[in-house]
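Listed below are the structures to be examined.
Note that subunit A is present in both complexes that follow, paired respectively with subunit B and with subunit C.
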Partner chain A sequence: MLLIHCPYCDEQRAELEFAYAGEAHIARPDDPAAMSDEDWQYYLFVRANPRGRHHERWRHTHGCGRFFNAVRDTLSDKFEVTYKAGEPRR
Partner chain B sequence: MTRFSAFSLFAKALGGHQGWPEQWPDAAPRPAYDAIIVGGGGHGLGAAYYLAKKYGITNVAVIEKGWLGGGNTGRNTTIIRSNYLYDESAHLYDHALKLWDGLSQELNYNTMYSKRGVMMLAHNVHDIQSFKRHIHANRLNGVDNEWLSAEEAKAYCPPLNIAPDARYPVLGAALQRRGGTARHDTVAWGYARAAAALGVDIIQNCAVTGIRRGADGAVEGVETTRGFIASKRIGVSAAGHSSVIMKMAGLDFPLESYPLQALVSEPVKPVFPCVVMSNTVHAYMSQSDKGELVIGAGTDQYVSYSQRGALHIVEHTLAAICEIFPIFRRMRMLRSWGGIVDVTPDRSPILGKTPVKGLYVNCGWGTGGFKATPGAGDLLAYTMAKDEPHPINAPFNLDRFRTGRLIDEAAAAAVAH
Partner chain C sequence: MSDSLTRAEPVSSEPFAAQGVTITLAPPMARLSLRARDRATLEDLLGRKLPAKIGATAGEIACLGPDEWLLRSAQGAAIPLGEGLPLAVTEISERAVCLIVEGPRAAEVLMAGCPLDLELFASGRATRTIFETVEIILIRSGENRFEVEVWRSFAPWLQLALTTAAAQLR
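The block that comes next holds the complex of A and B.
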């Protein structure tokens, strides 16, 4: 089980308190209607899925309830850093 | 290649089984091939076999970074069934199911395919409605699937607890009698042996590290840890690592890789006659011929290539197993492990051509591709030989994520199977 640091509570807690929320920093396009199907598929379906550094979102569901971002190595599953939503990509 | 028969087994038994020759040679890479398959799992080895057998393309290499079947082929719970909801899926999985029949004879290698029936438990009203919808849809597609009452389910699988006050009451079940299990390793070994006998090179301990493309964009070959190998036709069948390899060719794929775990108990005498699945509580079980209970757990929630999952996932599954089958409460577990499964947004595979000329892909089978092994191999071979998809795999193209013509088994099954 992962141990995850919530940047809002500033505490390291068990994964059971958290919900994974997919790849981070995927911005919803401002004007979807203006997009080609080609680009829309990238927004909707295509993911980085790297073997290594991964930017991802977590939610402290059973704690403060807030979303935050994290960088985790998908090979070792170790977190490099977690940071608040809205902060620049690390 | 020695042919296996009752007589050859007996003759070798007299010699204490010491006289068996190597079943296929450990090939070193040659400079060029007519076709290369990346990934020596069941799917990739199957594709190489059918390329040689059905399409006469024998100058083929299967390139595997580890050992044969060391990926998900050797890590899965071997459940075989074809009762998927949508027409496209029913045709795809039933194509594979039909090939399982007779596969041992064709390969002269015992894959131990056992049609012991796969029973899916319904625990709530939604399950009942959804399973009955599957049953009707399956029957229209000529795929067997039938509804059992709780009592009938209990008769089919006596260890089942159908007490009305159970934590997960059993309200009925859907049974596919043609479903069952096979021995995972022998599927890889059987295809490898049969493919090698037709001239295919099986190259282990050789990781693909790059895909070389020419000025026109078409593939020219693969960079590997054992040097460059040329080929104008490359089929990628790398399961959990598919998106990593597609990136080597400059392609971004709609895939995410997750850990999926399984575990086995200590071996006991035959007690569990069929395969039982419960999607609702994430428990899957059968008993191997060795006597171990083979149990499948769910996926972890996050993307990972670590090939290990968290303990709480396994605990959750075992808690459910103990409720549904109280007889196993004191059973001890022997081993657990994880594999990495490549999941698509609609939970259906991607099997066909890619935007890169000469590059073909078979991926996205996620938590449920073992059952499809012969079918996926056959269809990847067809697609590579003809440079066009077979009608069965045509709907499973990459383009569906652009057009929106998804084959949405996600809603239908959602979890490991």
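The block that comes next holds the complex of A and C.
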């Protein structure tokens, strides 16, 4: 069973309790009306999809309910580190 | 008016007994969800200490998240709702029912479907977790006593799952 460390509960918990929530550190543009359609669609739909180290958001749905960020290797599925939402990219 | 109506529980209140474990439906109780960014405002309102660490309990109150607590107390207890304060006290008494799994083999029964390592889950701890696919709040109220809070509509399935696991202990 894959165990994920929740930075809020500060515990290793089973993957079953978590939900994946897409790529992390994607900030919503301050003024969408001023953007070109191309930039907007890039913000909405285009994601990095790397092979290897990936920054992603997870939610401890069946636990504390919090979103947090994680660095996961997409090849080995190994979680390198997890940290609280709002903290700088690792 | 509502007092005169017959209360309908979603599961049988008949206790279930197997080798080393009993599963019973807890009597109705008051449950309140307490939410506040700042713990001190809630403590002032309730006039009691709240546990700070997620998973800890202090008396009737369990800390479920960084800004979330669950208060379970006797029915009819007067709890202030704190109107106008930057917090939310929500009455959720009827959202869930509580199944009590008790006995020397209670942990074994729960581990049939719960991914937590209950040997490391000390007495007095509480957490939201999952049993198979059903969300539960698990409270260890004694060395051999677990209280499982589950949403009403999931309760019949959970009771069946727990009693089946208990009946298959050997």
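By definition in this document, the second predicted complex is superposed on the first by the 89 of 90 C-alpha atoms of A that agree within 3 Å, B and C clash if a C-alpha of one lies under 4 Å from a C-alpha of the other, contacts with A are read in each partner's own complex, and residues count from 1 in each chain.
Definition applied: a residue touches a chain if its C-beta (ideal position, glycine included) is under 8 Å from a C-beta of that chain, and two chains touch if they have at least 3 such contacts.
All of these numbers come straight from a predicted model, not from anything done at the bench.
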First, second, both or neither for A:H62, with subunit B first and subunit C second: second
First (subunit B), second (subunit C), both or neither touched by A:L16: both
Touched partner set for A:R47, first subunit B, second subunit C, both or neither: first
Contacts of A:P29 with subunit B and subunit C, given as first, second, both or neither: neither
On subunit A, positions contacted by subunit B and by subunit C: 1, 16
Interfacial residue positions of subunit A with respect to subunit C in the complex: 1, 8-11, 13-14, 16-17, 62-66
Touching residues on subunit C, where the partner in the complex is subunit A: 54-55, 64-66, 68, 115-116, 127-130, 135
Residue numbers on subunit B that touch subunit A, as the complex places them: 241, 243-244, 252-257, 301-306, 310-312, 345, 401-404
Residues of subunit A touching subunit B in the complex: 1-2, 15-16, 19-20, 23, 37-38, 40-42, 44-51, 54, 56, 72, 74-77
